[in-house]
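Some structures to go through are shown next.
Next come two complexes built around subunit A: one with subunit B, the other with subunit C.
Showing the complex of A and B:
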């Protein structure tokens, strides 16, 4: 049997096994539940008429601008409150961020943009749940030994990586479809003609965002033979990198670049209004994913199973 | 079949069933308590002075909600709670009737509880938008899908093991 077929088989088996395992059920359930909760968070103020669409556009444009300034490491020490940063955006210093925020909430369906931005922050923490047992589960119980006479280590790893990716992408598609259908029915200001192309664009952004984080989960799963340690390492590094870089940046500014160890430093550019930046961010995501996957392959090939 | 042969997903589903049974159980108690208070309000009128629940009960009355409606919702919630709790045992023992079928009926009862709550109760009472209700509907659909598609064979194999 050729290698491609082996990889396909491992991917299919990984998906079916994942849906039967405790961690897989928790991953699917939590991803959908948290995704819908985030969409709910964005929709509720409008639906319950607590604010008007214009008010929400205005306040969310400001909040997104502040978040983008922090993510691009352009919020300085003097910006101790949101007002200073907003005035810098309006005065021209950070005008590109102001334009970017306007692109997300005024030129495109606002509620979908807010949901996807929130998902972009939360998904990296949820994705490890779907990948932490992929290798370590079998290594811990030594069941991987039964597979090795019939297939290669690289086929197992790449097949399972592909399976994890397909599962994560399916969940994202399901989530986006639910939100788009709901918004088109319930919120008159969001028309289906605007929502569908923007949802496609948002899916592409989340598609590329998924690659490095799932690969990181696989790398930790191939490195540690105890699944819970693999989960802790993945979630710990995902949360630890931005916290560490943002706190070290205050001591010495170049240390803020530690943020680029993971896609946190550029993932927001996947929704940039400039196509070249989107392509660049997508390429970085692919490279990051590839790097983690190669490291995982090297680790798994040499592992004593 | 040994305990370790049970798929981890079934154990996870039993935990989720317990969580949802408790949350529906809480909502059920609230429906019964509110129905008795509403009965009191209908008999004696809204109490005077600074009563915290004045607006709340006024809205229920404005919606045309009767204590019987709330009691029906309470009974639905009670059925869902009991079935979901009993099905936990069925999941852990991989029993086809107690697990798969009671779990399914429990899921349907949970969905009915959510649907009738949306139809009958005012929005303020639900404290959420339509999407939060869609989120509530997700678990019953997910539960039924898992029981009848993913874990179907596990329940049937266990039944065959018992019969031989």
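Showing the complex of A and C:
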């Protein structure tokens, strides 16, 4: 009971400190700015009258289909003689992916889909900015020493993890609301009636995607007592894992599975039209987050503070 | 289950930082209440021992039993210890009141009683005017006082204070000492300090750490029993002959003079102990026709410390 109360207190303190000290506000501002910039990027071709909405939909469906096919079907890429992925899609060889791209871009509000897909890439790099000092900052300044005689180490870590999660989820709600409002103003043809339910679906995808990446930030923050090192470790591993897996895969294909050290290997499934795949990807996100949280707990409980 | 007789029991404690041995073979039992001093040269291991008792560092070898718990950092100890770490700092961008209220909430004190406790404790350390400000405006001394205040927020049974009066002006240092005396009536206060004269008047027991080893522990009388220093003031300047005559006494180990004052180290280890040594000294002074205008105990703890740490007393201070 006391532990639950302490976890709640640490979470509230983490959120209020982050907002009042300005770092949380700066983080929210930065993320919304990036989110709106991405939305603006998606809108620009239409604004500049380079393409019509229909043409953009068509080309986006192709581009997203190719990107998804490249990400998910690299293993079957050896039979190049059958033609490029694009031509395979056009020939109906990759019906599932074609349907997926169609589902994302044509059946649902296209620009919101594109924005959220881009966010799925950008968010993992942004989230560490909100969590890298959560533990390491207090360890560096020894402020944590005022807490240790009063509360358990696990309460501190879980409380701050929870606070970071709530902050990140609130941020995603702000972000999607602002993107939806922005898009409905810029492209009136994308009606709010279509945008809002789809935004809810996108929120769920980003909600689950947040869990492993915030947990990774907390793990690095609990491992490194210098905040800047914790930040570099989080961002470095987030970028490094896909780059490493792609380059090592060239040497030996199974090394491509390194991609699954982080959610990069399955995160796109969070927006799949197939419900079972969404559930599966969400479960993987939860498990990944849990694994990072347990590792952070083990590290923090044994650390000299 | 009966309450343990000792608040803290340390057995065969060892701690290393890499290959450097910071503490070795520490065995120490500390009472349930009173004020215990922890002294030793810089780098002797005082802060390491504090950090191990407080649960900041993990115990590598040996045991520390605290208030019946088998090791530091147990959930059962939460809120029962108050710690003033030497180098911790409060968050600079949040008001001190908010930070104290947060700590009080963790101690289980909320609402109006938490607020009144925060104001009361800040008044005790003379910082009531700063309570609505951020910690960034505090001077070094104020930060120390705030550290002491937070360690005594709840009702801790053990209080660890790492150099609480270092850098404080005499009035504030006195205020903190009085506070410690008051707390020491109901709780165990462990305090480290380099001001041995200050400690001697304050503490009931002392532990001396040198090179990671506890070389002496017990009551101040026990630690200083063999060597007691007295300061004697005369109505006339001290002459070389007086020094020679006093130095020749069996009970006198060494003697130094400064104008109208003599600093005499007595050997109180004889059968009749300190009383006999003092009688012999005073008789000699009367015989010399130079009665003492004032005779008071000097820095006995410092003298014992110097011997235990093997530092020559005439070593110039840094």
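Assorted remarks:
Here, the second predicted complex is superposed on the first by the 282 of 305 C-alpha atoms of A that agree within 3 Å, B and C clash if a C-alpha of one lies under 4 Å from a C-alpha of the other, contacts with A are read in each partner's own complex, and residues count from 1 in each chain.
Throughout what follows, a residue touches a chain if its C-beta (ideal position, glycine included) is under 8 Å from a C-beta of that chain, and two chains touch if they have at least 3 such contacts.
Small disclaimer: the values here were computed from a predicted structure and weren't measured.
Within the superposed three-chain model, A:147 lies in touch with subunit C and out of touch with subunit B [touch as defined at top].
Residue contacts after overlaying the shared chain place A:305 against subunit C, while subunit B stays out of touching range. After overlaying the two complexes on the shared chain, residue contacts for A:21 are found with subunit B and with subunit C alike.
By the touch criterion defined above, A:43 reaches subunit B but does not reach subunit C. Of the two partner chains placed around the shared chain by superposition, subunit C is the only one that A:13 touches, whereas subunit B remains out of contact. Look at A:242: by the touch rule set out above, it reaches neither subunit B nor subunit C. When the shared chain is aligned, no partner comes close enough to touch A:159: not subunit B, not subunit C.
By the document's definition of touching, neither partner reaches A:109: not subunit B, not subunit C. In the superposition on chain A, the residues of subunit A touched by subunit B in one structure and by subunit C in the other are 20-22.
On the subunit C side of its complex with subunit A, the touching residues are 51, 54-58, 73, 75, 77-79, 81-83, 85, 87-91, 93-94, 102-103, 105-108, 150, 154, 156. On the subunit A side of its complex with subunit C, the touching residues are 2-3, 6, 9, 13, 17, 20-22, 141-153, 302-305. On the subunit B side of its complex with subunit A, the touching residues are 7-9, 11-13, 16, 123, 128-132, 134-135, 138-139, 142, 146, 150-151. Those residues of subunit A that touch subunit B in the shared complex are 19-26, 28-29, 32-33, 36-37, 39-40, 43-44, 47-48, 178-179, 182, 186.
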